[in-house]
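I have a structure here, written as structure tokens, and I will follow up with some questions on it.
Every chain is named by a letter (A, B, C, D and E) in the order it is written, and numbering of its residues begins at 1.
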Amino acid sequence: MLSFIVFLPIIAGLVILAVPSSQKQIIRIVSLLAALGQGVLAVLIWRHYDPTMAGIVAAPGGSPVGSFQMIERIPWISLDLGSFGPLNIEYFLGVDGLSITMVLLTALISIIGVLSSWPIQKQVKGYFILYNLLSTAMMGCFVALDFFLFYVFWELMLLPMYFLIGIWGGPNREYAAIKFFLYTLFGSVFMLLVMIGLYFSVTDPLTGHHTFSLVAMADQANYIKGTILGPDSVTWRYVAFIVLFVGFAIKVPMFPFHTWLPDAHVEAPTPISVILAGVLLKLGTYGMMRINFPLFPEVYQAGLYVIGVFGAINIIYGAFCALAQQDLKKMVAYSSISHMGYVLLGLAAANTEGMIGALYQMFNHGTITAMLFLLVGVIYDRAHARQIDKFGGLATYMPVYTGFVIVAWFASLGLPGLSGFISEALVFVGAFSAPVTRPIAMVSVLGIVFGAAYLLWSLQRMFLGKRKPDALYDLEVDVDGHEHIHFHDWKGKLDLDARELTMLVPLVIIVIALGIYPMPVMGLITTSVNKLVQVLTPVAMSAVH
Amino acid sequence: MLTQQLLSIGVNHFLTISVILFGLGMFAVMTRKNAIVILMGVELILNAANINFLTFSKYNGGMEGVMFSLFVIVLAAAEAAIALAIVINIFKTFKTVDVSSVDTMKE
Amino acid sequence: MDQTLSGFGTVFVFLVLGIVFVVGGYLTARMLRPSRPNPEKNSTYECGEHAVGSAWVKFNIRFYVVALIFIIFDVEVVFLYPWATVFKQLGAFALVEVLIFVGILVLGLVYAWVKGDLDWVRPTPNIPKMPEMPVRRSGKANG
Amino acid sequence: MFEMPSGAEIQSIISILKGGAGYFVPEIYLSALFMVLILLDLITGKKNRGLLATATIAGLLGSVYFIFKQQTMPEVQFFFGMYALDRFGIFFKYFFVVSGVLAVLTTVIDEQLKKHESGMGEYYALLVAMVVGMMMMASSTDLLMMFLSMELVSLSAYALTGYLKREPRSSEAALKYLVYGAVSSGMLLYGFSLLYGMTAETNLTRISMVLAAHGYDPLAMILAVLLIMAGLGYKMGAVPFHFWSPDVYEGAPTPVTAYLSVASKAAGFAMLMRFFFVAVPHGFDMYVSPLHIDWLSILILVSAASMIYGNVVAIWQKNVKRLLAYSSIAHAGYLLLGIITMDQLGTQAVLVYLAAYLLMNYGAFYVVILIANHTGSENLDDYKGLGKRMPLLGAALTVFLISLVGLPPTFGFIGKLMIFSALLAKGSLFMWLALIGILTSVISLYYYMLIPLNMYLRESNTPEEGVIATGMGAKIVTASLMILTLWFGLFFQPIANYARYSTSIFGAFLN
Amino acid sequence: MSSSPSLNTWSDALSGFSIGWFPLGLVIVAAIPLVFIALYALTYGVYGERKISAFMQDRLGPMEVGFWGLLQTLADILKLLQKEDIVPTVADKFLFVIGPGILFVGSFLAFAVLPFGPAFIGADLNVGLFYAVGIVAIEVVGILAAGWGSNNKWALYGAVRSVAQIVSYEIPASIALLCAAMLAGTLSMQQIILMQAGPNGFLHWFLFTNPIAWLPFLIYFISSLAETNRAPFDIPEAESELVAGYFTEYSGMKFAVIFLAEYGSMFMVSAIISIAFLGGWTSPLPNIGGLELNTMTSGPVWGAFWIIMKGFFFIFVQMWLRWTLPRLRVDQLMYLCWKVLTPFSLVSFVLTAIWVINH
């Protein structure tokens, strides 16, 4: 089942390859079908998922695949390396609480992404092939339980993303694409070294051979003394942790490594922004939770404070920057940085509340930011510009649009009753209850205030009041005295059309529903997060040793 | 008499000559700009190696060194042939055999 | 070993004696001959006219080609000499080997032949320009 | 000076030669092919390009049969220990035959060579001669044979480089290749002579035995090794013996460039491994006493310098061939990493990396030629907007470049993975080298991606539009190279296992 | 080395004789060929050539100085010694001076391995034939030095033509000699001659013992003409177009040295051809039953006589040819060398090899 959900898009991509490039509609429909198929599969997985099983790590003496579900484990490569035993790489997929939510999110965002790609006219065939490749890679990352496989999927994301930004992006797309590519590659190449180092340091307790299995790696008992990343190699374990952390932090993006994000977002076409913000950023934090922390728990414990500080910086710095932006999309991009800061803060708390908050925030941020970018895309489609100053009084002329904007904006700033509130609240509860992060949490609360500030201010400037004199649209008064506005190049419906509504309505429903009743997601993740926290706590570690 | 004097020449004498030849060859290679002169420097190097081979062959016994030097001579000739062909072609194209001025491709 | 070396020792004496003879001849002549140089006498001979330009004219490219072919053949022939002295003992196997060796050589010759590298006058416009020299009447015997 | 051998001795020599000839069949066969090609060229006259190319490919593929038969033969050293038949050599024989076939395939499509006024007989013959020479480089176990085979390769390569006589760049490249090549082979030879002086042996195994038994003068040893490194480094195109490679790669006909950058380099590495693993004493004692410098430290320096220099300088290149030239210097650095580990895993990694490099570099050059056929240049600027106009080629080139960077899921990634695995398996000893390798890989991404960047992200300067037609054959070759690059990126097991099998002959020599 | 004890007795005895460290005996051994060259060049070389050419053209030649002009060459020598030695201002002095020296020394060194009979040879090298072929090639350097050093167009052209011609014809020449070496199975001059010695005189000569040797013999003879720049291969010094070739600028003693070298080479190649194919110092006369002509005409002195006579015979043929055949053009020259002589020399090589294997 997991294989299907991973490879369905790539199959669609192959089908598209065979379709002549003039048949744009067929290409779109094939992609949509693939995405919908993914959605159906995701729902099936969700229905089959047993939330009482934890995952994360194999129980000592138990099954080598732990309590993961929907396992698919096939030997992939087996090489004889002589004195190093065989090199075993497995095709190893599985889900637990950490990944199931992400799988759902990815499937959802994929569907929305395809819908939002509908208006793209330039090289449709190439676009959808790359899109489907990206979709496969993302999904693969979330379900891979073999480090090697994970790495392959991880790197596989880069190239489609590069081209999607670089070819279908805005005027400065070349710079943005290269920057995105270099930053993320810089983060990930070191992962390769750590991966190899881990391979030589970990043995599978069952076979006695070295292994790439993340499940085995998560168990500190499987590390061999005297190897490069063995329990006694303190320095290298610190180095490895930092390297991995930086690699994932670039993806998040964490403060000093964030500069690629605004560029990428501004230049990327709307669907890619949606995917980027909705799924890709989550990979960073997911990687931390899946790989970085469990594999080096003692380093994680030692670095909680630093992680927390970076989280706070992200929250506040992101908000500040958002406040200063003229470009609506850039503002949303910086708001993403700010919101991912909450995830980091939650991770730094190192307790159940914080972790659940973080994971939940990841899911919520995915949906909310997708909405934000979609809405930005809507106005960009019409006006071909996004300067906040160039609008004004849109509420009068585009009431439905404004309604959606208000929901999204409020969800983003964490208004109670909407999903963002619950996750942010949980993060803060966790952060306050952990002594290490308490002072950081106090500072971080300011972020909410700033968040409210930039969101509300932009709302006011764009939607309320009257049309600005230098606005990007013309005002017409018809014979009945009704005022209409008219965008220069826009032939379609002024307010949201059916396709846009199809994308936005489900997201709004999810945001509101999860704000009122978060248990569908919470229930999925709690067991796993508990287990994760247990694996990460010093007590558990000492029990292992 | 003369033969005895000739025989009193030892391995070090030969090696010294070989080193001097090698040094001269390297010097020519490094300082000269004329392709032909550079190739002559290379011939010096090859011959220095030949002297080594023959000396060692004589003083260590064994035929390998002699064989080696024979083949080196042949290869030197082959190399000279190809080198000449290329240099002639260069001259036809560039009207010079100055290596430093044959430099149309930039860094 | 001794004998060979003494053999070449004799050759060395020949060398010395040859040089002595030449140098001696020069010296004797110097003592006997007059020396009354003048610029006209010391000028380069060019059929009694003043020499035009330098002697550094370009040669027919054929000369170089001949040199190339010569180098290859000459060195290969060198290999045959030691073989020639012992091949009776070596028997048929060595003969076959050498025939292959010579066959490759012949192939090279045939190649050069067919490609026209053995023709002194080629149809291609490879005839060098000799700006310093008056144009030759006999275009064929160029050189 | 020397006694004439007696009749019985001569007979025994002859019987040894006769016995050895049976193990030498592929080389003999290819030498015959060389001559047949020349004859064919002479017989058929001018209009024979297709025939010659077909004959070359058929001939090269025919040699696979003989190499295959060798797999079942016992592993021996023959011709008085000058030459070896072993798995290591057989691996490289296959490698060179494949690269030869690819070289012919690239030649067939190259417009520049098509316009060449004189025939192509010599070209293909020299190509085959190089294949023979490189096979011999990989299998030689004697200093003399090593030198001879290396010169055979070099001489053929000089001629091939300057094959476009009317093209100034080609002549210039040939001159530079020749001058540097002659000097470095002279240095190599001088190093050999010193080694011979120290041991009175030319056979690699016996050299190592003598050195082990009697010890050696470290100063003379380091001098000899340095000089030999100069010769081998030249073949490999590693810093600081790389000066020739950018100019030569740029100036030579592109198929030759591809051939040199892959096959000739691989032959250099094969020889390097045989020489350093077998002949010269080695070990990790330099870490015991820092004053003791041996060839391993030289290799480490060379490797690091190559990776850094090649990758950094490549950034500023505007010519794609030149860019690939600098990158090939960098790849020599990566390959050396595998040798530095001095173990079987590292050697295996080198072979896998070479196999990967064969596919991806040839693929890249293949597309570069196809593009140059259309645009008439290899400048990056002329690649603008080509992605749209040649979809398959663009995609394939991107795959090859990604593979050259070393990103999954391509064969190049597997090569890097194996190399770095070998390094890290040694513990933290070579961590810094691995770091250099990784960091320079990131740099390499930048310049490699300049090509897709120009192809896809920038608009063409010329108003031309529409898909550029490429021949069906070229498309098939490109696509199959691309698919192989991806396929082995995912399922590299057979090649890696075969590489391991091939390296097992060094078992006793490696630590 | 397995030279039979009767060989080289005189020269070996001489070379063992030395005063203190000075190898006087060796010097005498070397001086004998030197004197021989000088004498022969003066008498047979210069005078002979003039007389022979005169007779061929039905005239008398030098008649004034001495009886039948016998002292003419002596007068010429005195003239050359006294003549002013002109070195052109633009010449490369060093090359100009050293060129004739190299020429002469190269030519003279070849005489080191020339057996003047069974008992006398400068140095009986085991690679004698090879040495001779090799050392004669040094002349090329001298010619080039002379031509280059003169800095004169005629000289340079002459030198380049001469070098091209000499090196080209060296290929068929050396392959032809190779055939003789194969027949003999040795490269030592004395051994080669011994292989052709026997009671039946000329019937033992390689030229007559097998059906192939006439081919390399002819090839070598033609090539040797070219190697010594003799007519009809004398375009390097073709007086009608190149004045005097590479020695255009030479006068006085240097000119004399060049001439000596030329005549030395002429004799050398003639001697080599007689050694390789015509039995060297062996007597041509066979023992006919009781009439032991061969035994009677053998011995050290007879040997010297025979080899010099054979040499002179070929020199005579060379002079004869000079007045018989027209000069070849450059392209004809190269055609003859590469497309006729070289292929045929290879053919003769293969035939000889097969013949030797089967006998």
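Quick note on the criterion: contacts are C-beta pairs under 8 Å (C-beta built on N, C-alpha and C of every residue); 3 or more make two chains touch, one makes a residue touch a chain.
A quick note: this is a predicted structure, and the numbers were derived from the prediction, not measured.
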- Query: If you walk touching chains, what's the least steps from subunit A to subunit D?
  - Reply: 1
- Give the fewest steps needed to get from subunit A to subunit B, where each step moves from one chain to a chain it touches. 2
- Message: I want to compare two interfaces, C-E and B-D. Which one has more contacting C-beta pairs?
- Response: C-E
- Item | Mean-CA-position distance for subunit C and subunit A (Å) | 81
- When centres are defined as mean Cα positions, the distance from subunit C to subunit D in whole Å is 39
- Between subunit A and subunit E, what is the gap in Å from one C-alpha centre to the other? 95
- Item | Centroid spacing, where centroids are CA-atom means, of subunit B and subunit E in whole angstrom | 32
- Junction residues of subunit E, two or more chains touched: 23, 26
- Could you check subunit A for residues that touch two or more other chains and list them? none
- Task: Hunt down the residues of subunit B that sit against at least two other chains at once, touch-wise.
- Result: 2, 78, 85
- If you look only at subunit B, which of its residues touch subunit C in the complex? 2-3, 6-7, 70, 73-74, 77-78, 80-81, 84-85, 88, 92
- Query: Which residues of subunit B touch subunit D in their complex?
  - Reply: 18, 22, 25, 29, 35, 38-39, 41-42, 45-46, 48-50, 52-53, 55-56, 58, 60-68, 71-72, 75, 78-79, 82-83, 85-87, 89-90, 93-94, 99, 102-105, 107
- Query: Along subunit E, where are the residues that touch subunit C in the complex?
  - Reply: 1, 15, 23, 26-27, 29-31, 33-34, 80-91, 97, 100-101, 104-105, 108-109, 111-113, 122-127, 129-131, 150-157, 160-161, 164, 167-168, 170-171, 174-175, 178, 181-182, 185-187, 235, 243, 248-249, 252-254, 256-257, 329-331, 333-335, 338-339, 342-343, 346, 349-350, 353-354, 356-357
- Item | Complex interface listing, subunit C residues touching subunit B | 2, 5-6, 9, 12-13, 61, 64, 67-68, 71-72, 74-76, 78-79
- Message: Looking at the complex, which residues from subunit C come into contact with subunit D?
- Response: 1, 4, 86, 89-91, 93-94, 104, 107, 110-111, 114
